[in-house]
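Two complexes come next, and they have one chain in common, chain A, joined by chain B in the first and chain C in the second.
Moving on, here comes the complex of A and B:
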C-alpha cells in the first residue's frame, strides 16, 4: 500500500505521463520509417477501440488527419489495414469522430480499399465505411446516378460479408425518399436483399434494416416484396421475430411494423398482430440498443390503432413499461421517448389504460420526464400526461394529489399551464372527492411557487372562483381551498395582494368562514391565511384586524378566543402566529393593534397560556408576551 | 393414493428406442459443433478429414483460441490486441466486455504487486469507463477496493483475484467472438443433454421406465437395478 505522498505523486504524474505517451505515439505516426509508423498506428488503434475518452483526446491531438495521410500515402497492406481500422474506430458511434474522419477526406480513400486484392484490406475498408454510414453525417448517396447504383449492386453481390453488409448499410441509412425507394426497387434491390436473409447473422440483420427503409410508407414496394416467391420472404421475416438473437427479433419486428403501417391488409391474421405486440414488449427488457429501438417501434405500431392498443393492454404493457421506467437506472433518451409515446398511445382512447396507468403512482417519474434535457422526451411525456389526464374517474385523482411539482425550467410553462387548467376544471367537478383532490394538487403546486405561476393560476380562478371554493358545501373542500389560498399568499409581499382583489372579496370570505365556527382543520388553514396576510404591510395588517374584529359586532363573536382555547395545538399555534405578525414592533400601527388585542381579552388569554402543553405554542406565546412588554403595558 | 403409472419394461423401452431414426450427419455435425465451439482445433481438423463433416475456416478458431488462452494466462493486453486484429468492431460495440477486459488487466497488475502502475491504470483507463457508463460504477468500485487493502488476497473482494475470474472473462470474450462470426456461442451438446434430463423428469410423472442416469455412459438403468 503506497504511502500518501507517493500515491498523490503517482496520481498527478498519471495524467501527465498518459498525455506524454499519447503525444509520443502521435509523433511516431508521422515517422518516415514504415515499421515505426505501422507500430504507432497499431498502438493508436488499440488504445482507441472501445475507449471514447481516448478517441476524444487523440482527436484533439489531430490524430485523424495524420492517420489519413498514412492511409493515402502508403502502399503497404499492413499500414492500410491498421489506418483504416483506426479511422473506422474513430467513426464508430462517435459523432465528433465521424466528422473529423470525413473532414480529413478519408471517404474516397476507404472506397479505394474495396478493390484491393488483399482480403484483409477490403474487410478493413468495408467495416470503416459501414461505421461512417451509420451516422447522420454520412455523405448523401445519390441512388439516381447509374454508376452509383452499379457500385451499390456490386457491393451487394460480393461474397465478402463485410462488403455486402456495407451495401445494405448504405441503403438502410441513405435511402429516404419515395423516388429513391422506387429507383432501388426498379433496379431489383429487393431481390438482392432477400438473398442476404438466408446468409450469416450480420447479413441477415443488415438486410432487415435495409428492407425496412426501402418499404417504409411505400405500398408499391411492400406489394412487390410480399409478391416475391409468393410471400415466402414475408413468412421468413415473420419467422425471424422468434429468432434466438434479440437484435434479429427486433429488426424483423421493425420491418413488420413498417409493412403493417404501410399496408395493413397483409396482416389480417390476429395471431400475427398479437405476437408482434408481445415480441416487442419482451424486447423492451433488453438493456442495450435493441431495447431502445423496441420502445420506439412499439409506439409506432400501436399509434392510432385501438385494436392493437387493446392487445398491448391485455398483454400487460402498461405495468411492464412502468416497471422499466421505475428501475431508476439512466435510460437512453430514445428509450424514454419510445416508452412515454407508447404509454401516451395506450392512454389515448382506452379508459381502462388511463386508470391502470394513473393508479401506478407514476406521476413523479412523469414530472421528471417533463423536465428532461432532451426535447423529444419532454414532448413524449407531455403527450402522455395529456392523454392520461383525459380520464374523469375519481380514483385517478387520489394519485394526482400526491404531486409535489417544481417546474423551474421556463420551457415547462406551456406544460404547466395545461396541467393547472386541467386541475382547476377538476376542482369544479360534481364529485366532492374530485374537488378535494384537485385542490390538494393545486395546493402543492402553489407551494413555494414563483410569481409567474401564481399569476397564471389566479388569472384562471379569480376572486369569485376562490369565493366559491372557500364557500364549498363540503368542509373538506373548504379546508383544501383555504390551504391553497395560504400557499398562494405565502412568500413575497406581492402575493398577499391576491386576497385584496375586487375590494378584498377573498379576504372577506375568509373572515366570514372563520366567524362561522368552523371545524378545527378548516380554521387552522384560515388562520394561516391571516398569518400570511398579516406578515405584509401596514395596510395588510389593518385589513386582518378588520376581519378579526369587524364593526359593528353583533355579539361577542370573538373567534380568536375560541381558537386559543381549542384542543387542537395547531390551531392555537396558528392563531398565536397571527398575533405575532400583527404586533411585530417594526410596524408603526403595532402599538394600537396591541391595545385592541389587549382590550378584546386576547393578550390576557395568552398570559394564561404560558405553560401551554404544546412546546411550539409555548414558545410563540413567549414571543408575543415579550413583544407585548416592549409596548410598556403589562 | 398414487395413480398407477404405466410400466415399461426394458425390452419394450429398447424396442421403442431402436425405432427412432437418426442421421449420422446430424451426429457428426453435433460433434463438430462441440469441437469448434470449445476450440479443439486439431481435433476438429482431424474429424473433418475423417468424417467429411463440413466445417468453418480453422484459422478463425485458432485466432479465437489464441485470444481465449491469452486471457486465461493473464495476458490481457495481448488478448485485446488479438481481438482487435480479428475484428475491431467487437470491443468498439461491446462496452461491457471492454470494461471487463480492462478490469481484468487491473486485477493482473495488482496480482503482480505492481501497485503504482495499477493506480495509474485505474485512474487512466478504468475511471473513464465509469464516467462513460454509470452501470459500471459498482463493479469499478469493487475492483478499486482491491487497491485499498494491504493484503488483497484476504480482503472482502478477494474473489476477483481468483483464477476463475480470468476464466469468466475469457469465456465472455470467446462468446463475443463467436457471435461476431455468426456462430452459436454455446455448443449444442449440453442443451441436448439438458433436454434429455428434463424429458425424463416429465415422463417420470406418468410412467416407470429405464432411465439414463449417467450421462457420460448413456447406460440404461431400470429402477430395480
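Moving on, here comes the complex of A and C:
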C-alpha cells in the first residue's frame, strides 16, 4: 500500500484559550469522554461541510491532526464514522485540506476502516477515501504490484457501493500510462467496471470516469471494451448521454470523447457524433463543475476535426459559448480555458465560424481574458484570437452592415482596447507557448496592416524589443517573431525602414540568426525578411548583401548555399526570391550584385537546380537565370 | 550556355526530372478519389496585389477601366481563394467601386474545367477556356474526358473561376452588375492574369488583364499569416 508520512497528533496551544468557540471545540475533541468527543466531531463536521472558509480556519488551528488522533485512538464505531466523515469533508474539493489530511497520516487509518465489520464504518472510510482520490495529491497507486491489484479487485467486487466506487475512483485518478492500462485490462478490470454501469448512480459515475482513464489513447483497450458482449457496453455509455442526471451525461460524453479520439472508426454514425456535440453544448450551461468539464471536453472533441466543428457550428455553438462568456459572472478558470479553446477550434478551419464569432463583439472579452491571472486561460484566449483574426471576408466586410470589427480600419475596436499592448505583454511571458501564440496573433494583425497600425505596434516594441524576440531561446518563438517582422516590412517602401532603426540593429540580428544554422521554418521567415527588404532601394539591397556576405567570411559560412540545398521547398523558394530582388534589373547596382552572387557560387548553384522538384522553385530559378543571361553571364 | 555546366556537379542533390512545358502533364493511374490539391505558387498568395484593365465593350463603344485586385486568402486544400477587386474611373460611379470575390481553383480535386452552374454550359466553358493560349495543350483531354487524367500540379498556369459576391463600398443600385463570373488564367512565372467575363446578359468576352504590382518597389515582397 502506498503510505504517507504519519505524524503524532497535537494542536496549537492557542486553541486552548477559553471563550473562543472554535478553540473550545478542540479541547472537547481531545476529551477522554467519548460522548463529548463525538459531539465535538459532529460539530466540526457540520460546520465545515460545503464551507471553504470554515475549512480553512479550522485547518489553520490544527483541526486535522486532532481529528486524526480521534480516528486512530478510538475503538468506538460512531467516533470512527464521524471522524472519517469530517476528514473526508476537509478533503472534499479543497486541495489544502487534502494536503493536511495526507500529512496527518490519515490515509492508512482510513484504509483500515474498510475491513471493519460495521457497515457504516466501511462506508465512511470508503467515502472519505474517494474524496482524497478526487485530488491529484492522492497517493499514486502502484497497479503493478500483485497484492495491490488484488486489493483493488476486492474493492471492485464489494457489495458496498462506496467501496466499489472507491475502487473505480482509484483507477479514474491514476496516471493512465499505457503500462498501467495494459496491466489493468489484462487483470480483467474492464469486465469488473462495466458491471458498475448497471449499478447505483454513484457507481455508474465512478465507472464512467475510470473507463475514460483506462481507455484514453489506448486502441487495444478500446477495442477490448467495445468487444465486450458485442458492443453492449458502448451502447450503454451512449445511452447514458441522455440520462437525466447532468453529471452522468457529462461523464458518459467524456468517455465517448476519449473513445472517439482514440479509435474514431467506432463512430461512423453521424447521428452519434451529432448528439455527442449537442449534449456537450447543453452541458455548457451547467453552473457547476460539470459545465467546467464540459467546456474542456468539447474542445478536446472538436480539436482538428473539421466535420465536428461544422456540426458544432450548425448547432449554434458559437453564439451559446459567447453568451456564456458574456454573462459577466466570474467563471472558473477551467471553464474559461475550455470555452476559449472550443472557440479557437471552431475558428481554426471554418470561415463562417470566424465571421460569426467576430460579428458578436467579443473583443473586449478576449482582451480581458488575455490579462487573466491564470496562464492557461491567457494562452487559450490567445489561440482563439489568433485563429479568428485572419478572417478573410471580414477584412473586406468591415464597410458593410453590422460587422463591427474591421482590422484594416484605424477605428478598430481591438486597437482602441489596447489589445496590441496586451499581446506584446504576453509575448514576454515565461511560458513559451504563450509567447508563441501572442506573436502569432500579432503577426496576423500586422498582415497587410496600414502604416498607422505598424507605427503603433513598433513604438511599443522598438528595435531592442525585436532583437529580444528574434533571439528567443525557443525556435518556434523565433520563427513567429521573424514572421511578424516579415509582415511589418512588407507593404509600402517606407515600412522597410523599421529594420534600419538604431543603426540597423534588427537587420543585423536577422543576419546573425541566419548565420547560426537555424531550423528550416525559422530560416524561411528570415529569408523572407531579407526578400522584403531587398525589394526596396539600392541602399536596402546593399544592406541585404552585407548580411549575406559579411566581410571577412569563410566560404563555409555561406548560408545561402545551404538553404538552396534544403529539403524544404519553401526555404529554397524564399532564398531564390531574395536573389531575384537583389538582381532586379530596375536598380543600378543589380549588375555588380550579380557578379558577387556569381563569384560566391550562388548563380552556379542555381544552374544545377533548373529541374527542381518543386514547380514554384523551378519557375523562380528560371527567372533568375534568364536575368543572369541578360547580364551577359558567361 | 556556359562550358562549365556539364562539368559542374556541385550540389546535385535535387532529383532531376525534366518536364516539357508544352506537353499536357499526366497523372499516373486514373483514380480521381485521391487527387491532391495544387502546390503553392508564390505569386498567388494572400497579400499579393495585381493591377491592370478590364475592357468593357458594348454596342456603342469600347472602353476600359482600371482594375486593382488583391488576394485576401488562399486555401489550396479546398481549391478556394478570395479577394477584392477595385474598378477605377467607372463612368456611372463617382468613386472607385470595390467588390469582394471568391474563386474556384481548377485542380481536378475540388473543381474541374466544367463550371456546372451560373448558367454556364459546357459549350460556354470550352469557348472561354480555349481563348487562353496556355489552355491549348490541355484542350484535347478536357474535351474528351473532362481532363480527369491531367496532372495540373506540374503545369505553370493556374485556371480559376472568380465570382464577385458583393459590393463592398457602394449599393447594388450603382448601375453595375456582378451577376456573371470570370474565367481566369494565372501565369505562375510572372504572376500575370488574364480573364474573360461571362454573363449571359452582358456583352461576351470582356477581357481582364492584370500584372503584379509591387507598390513602387524594385522587387517582390511577401506577407503571411497562420491559423494553426
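Rule of thumb we're sticking to: the second predicted complex is superposed on the first by the 375 of 634 C-alpha atoms of A that agree within 3 Å, B and C clash if a C-alpha of one lies under 4 Å from a C-alpha of the other, contacts with A are read in each partner's own complex, and residues count from 1 in each chain.
The rule is short, and it goes like this: a contact is a pair of C-beta atoms (placed from the backbone, for glycine too) under 8 Å apart; a residue touches a chain by one contact, two chains touch by 3 or more.
Not measured: the values here are computed from a predicted model.
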* Hey, is it chain B or chain C that touches more of chain A? -> C
* Asked: In the superposed arrangement, which partner chain does A:520 touch: chain B (first), chain C (second), both, or neither?
  -> neither
* Asked: Touch check for A:613: first (chain B), second (chain C), both, or neither?
  -> second
* Who does A:92 touch here: chain B (first), chain C (second), both, or neither? -> first
* In the superposed arrangement, which partner chain does A:577 touch: chain B (first), chain C (second), both, or neither? -> second
* Which of the two partners, first being chain B and second being chain C, lies in contact with A:440: first, second, both, or neither? -> second
* To do: Pick one for A:195: touches chain B only (first), chain C only (second), both, or neither.
  => neither
* Which positions of chain C touch chain A when the two form their complex? -> 2, 4-5, 8-19, 39-42, 46-47, 72-73, 82, 84, 98, 100, 153-154, 156, 166, 168-169, 188-190, 214-228
* Asked: Any idea which chain A residues touch chain C in the complex?
  -> 347-349, 386-387, 390, 392-393, 395-397, 399-400, 440, 443-444, 446-448, 483, 486-487, 489-493, 528, 531-532, 534-537, 541, 561, 564-565, 570, 573, 577, 580-582, 584, 586-587, 601, 604-605, 607-609, 611-616, 618-620, 622-623, 633-634
* Any idea which chain A residues touch chain B in the complex? -> 1-2, 6-7, 10-11, 13-15, 17-18, 42, 45-46, 49-54, 85, 88-89, 92-93, 124, 127, 200-202, 329-330
* Structure fact -> Note: in the complex, chain B contacts chain A through residues 80-81, 84, 88-89, 91-95, 98, 115-116, 119-120, 123-125, 128, 131-132, 134-135, 148-150, 179-180, 182
